[in-house]
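First chain written, first letter: the chains are A, B, C, D and E, and each begins at residue 1.
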Amino acid sequence: MKEKLSELKETVARLLKDRTVDFFIAYQAGHSQVEPIPFFLTTAEHVENLFLNNFCAHNLSKYLLDYLAGDEVVGVLAKGCDLRALKRLLTDHRVERGRVFVVGLPCIGIYDRKKVQEVYPAGLVEVVEEGEEVILRGETGDKRVPRKEYLLPRCLTCPDHNPEFYDLLLGEKVANGPLAEEDYSDVRALEEWAPGERRRYWTRQFERCLRCYACRNVCPACNCRVCCFDVAEPRWLGKGTSLDEQEMFHFTRAMHVAGRCTGCGECERVCPVNIPLMKLNKKLAKDIGALFHVPQAEIPTEVEPLGQFRLGDPDEFN
Amino acid sequence: MSKNPMVPNPATITKITSETGSGDVKTFRVVFDDPSLAEGFTYRSGQCAMLSVFGVGECMISITSTPTRPGFLEFSVKKVGRVTDALHEAREGDKIGLRGPYGNCFPLEKMKGKNLVFVGGGIGLAPLRSLINNVLDNRKEYGRVDIIYGARSPQDLVFKEELFQNWPKYQDTHVYVTVDAGDEEWKGPVGFVPPYLEEINPSPEGAVAVTCGPPVMIKFVLQSLAKMGYTDDQIITTLEMKMQCGIGKCGRCNIGDKYVCVDGPVFSVDQLQALPDEF
Amino acid sequence: MCWCGSNIASTVDLDRVQKAVEKLTNVVHVEQNKYTCSEPGQAQIVAGIREHNLDRVVVAACSPRMHEKTFQRTVAKAGLNPYLLEIANIREHCSWVHTSVEEATPKAIDLLRAAVAKVIRNTPLTTSTIPVEKRALVIGGGIAGIQAALDIADAGHQVVLVEKEPTIGGRMAQLDKTFPTLDCSACILTPKMVDAAQHPKIRLLTYAEIEEVGGYIGNFEVTIRKKARSVNEDVCTGCGICWSKCPSKAPNEFDCGLGERKAIYIPFPQAVPNKPVIDRENCRYFTKGKCGVCKKVCPAGAVDFEQEDELLRERFGAIVVATGYELFDHSVYGEYGYGKYPDVITGLEFERLINASGPTGGKLKRPSDGKIPKTVVFVKCVGSRDEAKGFPYCSRTCCMYTAKQAILLREKMPEAEAYVFYMDVRTPGKGYEEFYTRATEEFGVNYLRGRVARIYPKGDQLVVRGEDTLVGAQVEIEADLVVLATAMVARRDAAELAQRIGFSYDQYHFFTEAHPKLRPVETNTAGVFLAGACQGPKDIPDTVAQASAAAVKVAMLFSRDELETNPMVATVDEGTCSGCEWCKPTCPYGAIDIKTIEERVGKRTVSRRVATVNTGLCQGCGACTVACRSGAMNLKGFTNEQILAEVEAICL
Amino acid sequence: MTKVLPQGKLKDFLKDTMDKYSLVAPVREDGVVVLKPTADPEAVVTDYLNTVTSPKDFFFPQTERMFRFQKTEGKIRVEETTWQGKRVIFGVRPCDLGSLELIDRVFQEGEYEETYYLARRENTTVVGLACSSPGPTCFCTTFGITPGSPEGADLMLYPDGEGFVVEVLTEKGEALAQQTETLLEDQDVDLAEVKGRFEGLKVPLGDHLSVDGVAAKLDGMFEHPVWAELSPRCLGCGICTYLCPTCHCFGMTDEVRGDQGVRLRCWDSCQFSDFTRMAGGHNPRPTKKERVRQRFMHKLNYYVHRFGRYLCTGCGRCLEKCPVGLTMVHVIEKVNDSGTREVAVNE
Amino acid sequence: MSVERAGTGVSTAGWEPKIIGFCCNWCSYAGADLAGTSRIPYPCNIRIIRVPCSGRVNPQFVLRAFQRGADGVLVAGCHPGDCHYSTGNYFTRRRFLLVKRLLEYLGIEPRRFQVRWISGSEGQKFADVVAEITEQVKALGPAKMDKMRDVM
């Protein structure tokens, strides 16, 4: 991915200079190699600060919601998963296609900062890919590890290494790996537990929740103009943080993205207290697949699975 | 009063007056249930108190009654949100909570002997009313009093009895009322407050101007006053911010390092000028 | 709080309820009365509102489905918006289903608390108006449909009468004589059929079916499929040459399959319209590709093999559903021979066999060998009043038509013996009991009280074995013909039609009236009315009465130029709405659109898309509100705030 | 002689503590170390850089009941409630120890005291734990705190060889030491030497980051373009403010069940869009720019004006957890790098 | 938060489950009315909230009921195909197939939350369903999900 940096710089500079875009959203270097951060460029002079490596996890298209009121054309760098998120915003009629200029970024996987930092808490210099292995190259030496174990969870079942559509693609398309089956093993495992065990598990998770709303704010499916958690009346959610309110929050959040979640896992990635939010999202995705025959890979759908029905849907409510 | 500043004291609404035609402003007369508080609660014009509707929440409202007329407190409340909606639902005899007083007050000492110009708009007359009545109750200590007040329509005027009957009776006290748009019965002036103020043109000589109202009005009133020769230290206004604790802790109402609930709400314009533009 | 005499007061300790309710925030006045729905009861509400300056009212009484409208009018009388009322259902949901005061009283308190919590969040609602399309659709061309169509047309309104079969007339046309007057069915029906055909305000669409129904009261949009008749109706004169020359034969449905007709045919001689139709399944031209005789002989050139189904889109203000009934299929009864004995026939088949225009020309010949029966056994309650194999309900007409048929038999063939096996004889109609008495006394029909246990063949006869419970003995009758009084049942496509139009039906698939007593011809879908046996078994007088009633309802509706709409409709908080459109697909009425609004953001004006509700189309189901994640979509009268408040109040 | 708690007696120390106190301690849970009430000494860990949540949670809990109210027969009864308990918080790092003092000032200052916080402060004994190996996100030294600073602790533990050197700092600390007396061994250890060792530990990030003059510089930077540059990437979530050991904004909310209810004081965040939005709709901090500016101006300027210190202790949580790297370090660097001249920016 | 609930020590001995029923106006509410007019007795634990259509029942209402101390929740609507609004209950069916599974996944006993189709003519069924759910919830004991009460 790094190798595309110079092409990215040229591209962004050109787009800004010829006013194809009014500004561009990409990445800049962060506190360390493993945490590149979003970067908003308004002039071509800024391109020198662009940064790209295989830790560029952030989905940048969600930022488009900050620019709804204007008429600027916003350039955005998008991997396959980010494009799916953008599609979510387009399907939800939140963003106009004409106001986004998509620079597509083929991607074969983003590394999970948390997992890498377990090996290299600090001082990682770069990650070198060698087939199914990667070399974590750091100040204190190299470490060769199996690639898959260090990728973000979403990358393991990634259906789109190339963005589905774009206005311009950086480099060549990459071959999509063999499409992995959606992996619901963690959901299934939890389903197997005794109900009391599950209750304790989720109680522990929810009690840890800070209600910081990072999961919501980063989520491309949580794109409401006003979130129901932020309205005073009716009070869908109290400000107090007892277990029942935490559960209300997580239940509601999960239901609101049911059938709409693009599976990017950003919620879980940004959660400061490691709440396994994707175990909720995936549970719903799994059931939606099984009950209504809408596989995760087809989402966003034209009409959301909960906004339609079939006469022959399963019925167990007699 | 409870030692804990965050705990409201039970009080009873003894009288409700609907001020405006649409009823969106009501004045609540409130008396503490605890007789010692009812007597011991001291405040100064310009200060605010936190009104609690139990189960709904609190809102900071300026005290519109004057400490010169003890026995009760009065609050004029416009219906704008959850808590004020709930207050408007209340009936006489209902219980609310009250804590305070909070914030600073109008600099009465500084105003003594001066000619006073009060410029109010809409519900902005509420804090001024406390001050005006305070001044009029000690009429001899002040110079000429000009009260210039405006509202959107005759229906939106508040404290009509005082405006049209009580206040003009005081010596050397002049009340001017205008409306943005009149109706069939309105015989008075029509027009916005700032030009009306310029038309009346009270002299800045030995005067203090106090203005309170919607932000847009204040903005133009300040311009008019400047045009008329008032200096920044001659002009006093009040600020409104979202407040929750009222005691400078919750972190909401600060403008720079000043907390409106503690350091305000009364500011002179030269004080405001030193604050960051974030209100 | 209503005592409802002792209906509520004997199970709910209303004094205790009153004590609890008086303490609730916002409650300023509580009173009880014996019958709140009575005039003094209502007057008390009005007085209470005035005296205490109330702005919300809760009535704790019977189901809101019973008296909500009543009390809405009551509070309106006191000058209050009718929607500032809530009902706590402490009768049907409380006093009538719980036996002890200790159980019912706390529950009543909870229900009242919920009603109070809801009502304080009620807002005044006002109705708006929609224009009424003054055209009626009548579905079904039997006596019910014909009567309804004629009455509506006579009231001066346009009617389209849609009939599935090639002719109107329905079941009544198949009958020989009618009870209790024994006048000839055709004689009284056919003039009405002709009236309907010739009425300037009625348009007949026979051989046509309802394809799709959209819209709402006053403004239904209906798609009608006019099936290919293969005969150009505009040209055909009904001369009959075609069917006389047609070489293909098929069982005649009109004669219950007992006789034959041609492939191009009219069902019976007095058919209206008197225009044939080609039964393509049995027509040689269509099955073999060769023939075309009819086309050749037709002097008018009306035969059109190329004709296709036609879809007509029409607007109507009201719909009368008069789709009639079918007969119970008795082949489920092993004891009656599973429908395999040709000489075990249904009452309707009997009608055709004795009818002068029937397959036997009015001579009663039994189907198996054409022999004239000497002993005829009638069996009542076949498929009705039988939960095990049929339906638990009473089919209502069988007692009378069996008596009629026995009389007709004895009248035509005095030498023949008539036996009737019955459980009860039910004759609740004008002249009915007298008619039955005539059957037994004047015509000597033998009535045997008891169930038939078995029918089995013996030689060319059928042995009917049963019990005469009055005598307490087994009886065996050797019969030449057995007539089963099979029950009237809902048409097999009834549920489908109800779903298509959007109203409900009961467990037997009879259409459900809005109220069993007080609104017997309305459905719960505004603007859709019921007539005849599609609503439940009925005889002709009742059917005609209901049809006329439905017609009056339609005329009433059409007497207004505009309708007040239901004010409990969905509403959008534009400030919150994201314009995501996910509410749209959940709306069954297509009532949600997207519009662009402009608003100030900082210093500029920007436009933004939001959902908007067509209040004329919206019926207030609230499905959209759940699709709306932010809660921007709300339902007036059942707002999120109200329902959450109810939940919280109940859970206390 | 100096008291030493042998490593092997740590569990017993916690057990003895629990005889008289409820215990809050670092516990590893689902891959993160959180401070939480625990009754199981076995679950308590000491091998963490810092806990993901800070000790402020136990003095200024996310949800605190302030009072109950009861409506009866046209009367209202208000019953003030304060926290009752006696608690030990174990394993607080020096940066977090320092944060307590910063919040103390806010809640004690002025005409009014915040009694809920103070009640918990008074009845809680804080056991500090010096840092042996500061991490890549640590920058306590920027604010004059060292890996061995005990200020804010009642009793301080310095890991040393096979145990913890104990320093008793307050009466509350002394009481705890007495409670656990049998487990503390008097050893011939030079406390000052041990402390000195910790104080001298390198804190790579903090040692190179200076905050000198930042407050003064910020006086003129309210309108500086740096805010417009920094803020767009902010997600507007509450991670920074909720994890920050010094953030202390709150709101109040009523919970009602019928005619009784409570008023709760709950955390709130200046990063939330509705934090300053008034009932009428006006919001003095309408965009992320104003909100991000408020957070950093508060910590690096406003608070300094009021109390003479920075409202940050360099704990590094924002560096670790902010998903978009909008961190204190990043901002201080930006301020240090920017020109002092006030630039008026009109957007 | 470690504040004791005032007046705790609720023993399950005298405990009666509280069950909230969301009933659509046209079918299930009418079914409940019919149970009433037919005087078919059923346990008094259910409290019915009338909604126009089962499709109006927001899953958040269900959770709010549990949050406020309900021990069981019943959502009842017209049988599929019978919806007064044609299609409302089909959406209900989809939504609550998921909700039921999600609640179970969160460790909430699935029998505490039930969805049933009850027509206006099924008074007996309504009574039977209420009896059944009441019995089941009784066997399960209090749901105790109203944790905020611990703070109050």
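We take it that contacts are C-beta pairs under 8 Å (C-beta built on N, C-alpha and C of every residue); 3 or more make two chains touch, one makes a residue touch a chain.
None of these values were measured; they are calculated from a predicted model.
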| item | value |
| --- | --- |
| For chain E, the least number of touch steps when starting out from chain A | 1 |
| Minimum number of chain-to-chain touching steps separating chain B from chain D | 1 |
| Other chains in touch with both chain B and chain C | A, D |
| Identity of the most central chain, Cα criterion | E |
| Which of C-D and C-E has more C-beta pairs touching across its chains | C-E |
| Chain separated most widely from chain B, comparing mean CA positions | C |
| Centroid comparison with chain A (C-alpha atoms), farthest chain | C |
| Separation of mean Cα positions, chain C and chain A [Å, integer] | 54 |
| Chain centre separation in whole Å, for chain D relative to chain A (CA means) | 30 |
| Whole-Å gap between the CA centroids of chain D and chain E | 44 |
| Mean-CA-position distance for chain B and chain A (Å) | 51 |
| Per-residue overlap in chain A, given as positions that touch at least 2 other chains | 228, 233, 236, 238, 240, 242, 306-308 |
| Sequence positions of chain D contacting 2 or more other chains | 63, 71, 251, 253, 255, 257, 261, 264, 268 |
| Touching two or more other chains - residue numbers and ranges from chain B | 81-82 |
| Complex interface listing, chain A residues touching chain E | 187, 190-191, 195-203, 228, 236, 238, 240, 242-245, 247-248, 251-252, 254-255, 258, 280, 283-284, 287-288, 291-292, 305-309, 311, 313-318 |
| Residues of chain D touching chain E in the complex | 22, 37, 61, 63-65, 68, 81, 85, 255, 257, 260-262, 264 |
| Chain A-facing residues of chain D, complex | 29-32, 34, 52-53, 62-63, 135-137, 229, 232-233, 235-239, 242-243, 251, 253, 255, 264, 266, 268-269, 272-274, 288, 319, 321, 323-327, 329-330 |
| In the complex, chain B residues that touch chain A | 81-82 |
| Chain C partner contacts - residues on chain A that touch it in the complex | 68-70, 92-94, 223-228, 231, 233-236, 256, 303-304, 306-308 |
